[in-house]
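Structures follow.
Same chain, two partners: subunit A is paired with subunit B first, then with subunit C.
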Partner chain A sequence: MSTNRTDDRREMLRVSGAAVVAAGLMSTSLLQPKEAGAARAKAPHWVMIMDLRRCMGCRACTVACKAEYDVPLGAFKTVVKQVVTGKYPDTRRTTIPRRCNHCEGTEKVGKMTVPPCVKVCPEYPKDRRVFITPEGKKIRYRGGATYKRPDGLILLDNDSCTGCGKCIDACPYGARTFNKRKAAGKDKSKHAIVKCTSCVHRLDEGVTPACVNTCAAGARIFGDLNDPDSEVARLAREFKLLENRDKTTMKPEAKTMPNIFYIDPDGVLADYSFDEKDKLAEYRDIVE
Partner chain B sequence: MKKGIVLTIVLIVFLAAAGVLSVESYTAKPQFCGTKCHIMDKPYKTWQASKHGKSGKVEVRCVDCHYAPGEKMTLHAKFKGLGQLFTYLSSDEKEVRKATHIADISCTTSKCHPADQFMDKKLKYGEKKKVSFTHKTHFDKTIPGQEMHCTTCHIKAGDEKHFEVPKEQCYICHFRKSDFNKGRGACNLCHEIPTTPLQSQKKNAQPDKDEKIITHQSLEKAGVACQSCHYQMIRGETALMPRACKECHSDTAVLAKKNDMKLMHSEHVAKQKAQCADCHQPIVHKESDFIEAARLNCASCHPDHHSYQKALLVGNPYGEVPATPNLMYNVKTNCLGCHQKQEVLKGEPVLRGAARACVDCHTKDHEKLLADWEKEVQGEVAFAKENHDRALALLDEFKDRLDPERVAAFKEQIAKGQQALDIVVYGNGVHNKKYAIMLIDEAMNSIYAVLDELEPLAEEQNATEENRQ
Partner chain C sequence: MRNSNSGIAGLYGLLANIFATEVSPELLAQLRSADFRELFTELKIDLGEDFYSGDAAEIVDQLAVEFAGLFLGPGHFISPHESVHHVRDDGDYGTLWGADTVAVKKFIEATGLSYKPEFGGMPDHIAVELEFIQKLEERYAQAVDDGEMELADNLMKIKKRFFTEHLLAWAPEFLTKVAERATLPFYREMAVLLQLLLEQENRIITESTEECAPV
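Our next item is the complex of A and B:
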């Protein structure tokens, strides 16, 4: 599994140095400088697929998430919303699980594309970090109060957060909110930010996120899209999830390139909408 | 027999009349002027693009404007045309006439733009349609010796759209030899001065009776000069261009009269021969860079002083770094907004930036921001410099083992990184922390490209040395 460490170049080299030398990177790269770059192993591309045919709204994911984290009362990192389609008497209720989309983003910062929440963060880019791919290759990136890891996860670092709340405004989905029980690291008079981290602490140890683990119906499928043999890659091919982002992701008009896809054969997602002003209310799980 | 002669005469007269009429109507067609006469190519195309041409509601023929009403279909007009053809054929010049004559009456005939309808009509001019304008005021007020005609302003012929008014034409009269916001250069002659609050957060807020709202009017009352915000709106001298007279005239007796303003204007403008910009240097009326105002004090001794600081504050795209202006730049805070602390440095008074300035506009907590930023940028610069030096040292160490082409490529990479780093080092990264860090990343990308190739070599060398021991 990948590790994520704050940078110290020397230390990192000490760890990976032996492997790098063993891999013979030195000799090959000196001989063929251009091909060395192409051979660089990719970071995983974590995506979650929500199978709307299977979700029956039991909220086990919401509870598992609450249990996994210290999610404050009244705040949620994952919720299940519902949409009623059709006309009486032929109506149907579909449940739509939601969580932070861990968007790919289209706005550039350096060589990376980042979603709006990262772009607006005044504390990004901050400290240097190194991401080590499963093959042992290193990818350099920058941390921040909110930042994007090379494997696509949008993460939080409360130590450098000033609690300004710009990221809450920037997120078009309302996936972020203040953690009323925790102070921001840099400005203790403000609240910290809370949002889904895709259970990065579990992920780095090779364990699936809590909501996926607990989903009895198997409606949440998590995996690495860069691995062609994975379940998510198979489903993405089968349902053309990447090609039809307009229909398979939440709020495509925000142009943030979400990494949470929905298998939605009935086109229910198009009927689900919320007002930009009340976006934060969408992350309250209220059972109707 | 007699009958036959009469018939022949009638026929000849009829044929001649038909011939004259057909030639007459053929030569009155815009297509005749535009396509048969090849020097009219440009004006013809701009006419087509204009409202008078094919893209307008009514197609106005060339002869409708270029000959006065009543004149355009006569033999007199045709002989004038033949005269022009003769001049063209007997001359080597590519362009025969510099300017054309269009009588005002051609424009203001009852079927086109009757004076009683358009003189008082309130119009909006400009790309954003924000400049209010009436024709009447312009016809009433004239400079000595000058008459205003339609074509004094509607001069575009050879480029863009036929008859369009270029804004530079307004500037020469309105801003030549006039003070900012005085007389005919007054802002409110053209622009509506806004009455809405200047503070962005109060623009949409509910009005509060006790609260004082800052508007353009309250600033005017307080005696704040317009120039302090609208810095250098007018640029250019509009002096006579040195070679302008000699473009057309070579006679010394004629050239000697060039300072007689009244004569010059009546000859050139009132008789509708020349355009303002033919003789006067153009003038620019546009909001200038407000940062320059603060830098001007230093510029007399150091022409390129503080250019790095400015580059940071403005935050233009650089390499892979996207445009990232400082938030202070977006709200038009210039250098003096933060540099308020008077200090004497090497016997010279200087203005230093101080955290105190942050507190004045923001909250007390903002005082510590500056120190944080300084520390962060210094750390980043130190890290980048260390790696830059290491890359150079490694290159020096292993240059014998690499082929010279690659060494040159590496050196170029390092130099490229140094360029980005220089902006942060010399410009002081606190001027735009976010942009500075992105610039350092840009520099580090170049330096890492070299280090990634050289460090394994160093590692290998260390390993062999350890084995030997």
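Our next item is the complex of A and C:
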């Protein structure tokens, strides 16, 4: 082995690395073997869980969403609302993050079960599309101005949208609104629709939505419910989120079967009062 | 390069640990042990006398403040993520969650590893990249011991690709900044140590590629 001084130090690294191991150092652990699991041919079932114990109302999610999409002034895709419970002096304020529920729906269009916003869209169903599962299985479905992908996402295709606004009226949650800065694809005299897409462009690249990524408190947990090892599946089991939909989802009486669940051990969701007169106010983030 | 060298995995592991999070009291105790002191002296890593003789709790605090200032911000903040530093031809760099964040995540997951659910950081953090190479080196050493030469060769190919396409493409520049902005000897010297390791690894990889080049 050649030995001049600089090389000495360099060659040392390889040799003395052994000493590091010998010192029995606890190493960091950020990675783990992927669970083998049976290959799933099914499409993912994306859900988001809002852990109300953790949300601190900082609105980093609202800002991250605005930045990700350049959401126009006056419109929001995700907001943080609040509910005040108890009687003076024993009161409490809970912050409640909201976004489009990407509802499962209960009504049928063809073979697809869809939520009211999709059902009502005159531009659905239109073109034929193919969804490819992570295991490579092809699932056929129909596109439209508002449509449902086999992984449960409720998406928009502005090119086929006439801007009629029926979906805005149909959504019981006020999750949709007009984008006053963009024209509808099929009728330029009307406005386009804006609502949460669950950051589909990020999901398709394998990364989590912007709001989830930014939430420092870890109040937004996102994942595939079809994967029994996922964090969301674990939480769904622990808090019986699926069994108790009437307590773990927003406005269960609307029968839309939301895919956003809330961990709400104190039952504050029941005290959330919807603005029935102006439901669009639901998606305006006004810090009270 | 068929010598089994699990030692190098240890070095990657140590550095992953140091860049992942603040130095814990336990890690500090280990780093101050005679073994490590000897090792650092051999490597000409000078952590300063204070590091060895100062009050442990105080040093842990100082290092935590320095870590936060360097890698968490605010302070002399230098984002420890590849997509911020790795200059790409397509211009998609300089931001968090860029094209390389996705590329690193996909690369790592394609090898059958996944991020722990409790890891709240971004997929292209320097500590992740170091731990990934640590894991590849460990598996390589095991494959060599078991005489699974084909697997060992494949693992080295994966390591070389990840090393040249990712770690080496951004870490040296990042580490230069760390060395410049660190106010305590510890992070400055650790940045130098990692730079040295990368240089050496690069040299070995380039040489072995030349050897293997088809004539």
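Operating definition for what follows: the second predicted complex is superposed on the first by the 247 of 288 C-alpha atoms of A that agree within 3 Å, B and C clash if a C-alpha of one lies under 4 Å from a C-alpha of the other, contacts with A are read in each partner's own complex, and residues count from 1 in each chain.
One rule holds for everything that comes next: a contact is a pair of C-beta atoms (placed from the backbone, for glycine too) under 8 Å apart; a residue touches a chain by one contact, two chains touch by 3 or more.
Please read all numbers here as calculations on a predicted model, not as lab measurements.
> Regarding the shared-chain residue A:213, is it in contact with subunit B (first), subunit C (second), both, or neither?
A:213 sits against subunit C, while subunit B stays out of touch.
> Of the two partner chains, subunit B (first) and subunit C (second), which one does A:135 touch, if any: first, second, both, or neither?
neither
> Given the touch rule stated above, what does A:243 touch, subunit B (first), subunit C (second), both, or neither?
In the superposition, A:243 contacts neither subunit B nor subunit C.
> Decide which partner touches more residues of subunit A, taking subunit B and subunit C as the two options.
The partner that reaches more residues of subunit A in the superposed model: C.
> Between subunit B (first) and subunit C (second), which does A:204 come into contact with in this model arrangement: first, second, both, or neither?
neither
> If you stack the two complexes on chain A, which partner ends up touching A:109: first (subunit B), second (subunit C), both, or neither?
After superposition on chain A, A:109 lies in contact with subunit B alone.
> State whether A:122 touches subunit B only (first), subunit C only (second), both chains, or neither.
After superposing on A, A:122 lies in contact with subunit B but is clear of subunit C.
> Of all the subunit A residues, which ones make contact with subunit B and with subunit C?
Residues 9, 13, 17, 20-21, 25-26, 29-30, 33 of subunit A touch both subunit B and subunit C.
> Quick one: in the complex, what on subunit C touches subunit A?
It is residues 5-11, 13-14, 16-17, 20-21, 26-27, 30, 33, 35-36, 38-39, 42-44, 97, 101-102, 105-106, 108-109, 112-117, 119-123, 125, 127-128, 131-132, 134-135, 196-197, 199-200, 203 of subunit C that touch subunit A.
> Give the list of subunit A residues in touch with subunit C in this complex.
Its residues touching subunit C are 9-23, 25-35, 205-207, 213, 218, 231.
> State the interface residues of subunit B toward subunit A in the complex, per the touch definition above.
Within the complex, subunit B touches subunit A at residues 320-322, 365, 376, 383, 387, 402, 406, 434, 437-438, 441-442, 444-445, 448, 452-453, 455-457, 459-460, 463.
> Given the complex with subunit B, which residues does subunit A contribute to the contact?
Counting only subunit A, the residues touching subunit B are 9, 13, 17, 20-21, 25-26, 29-30, 33, 107-111, 122, 124-126, 128, 140, 142, 187, 189.
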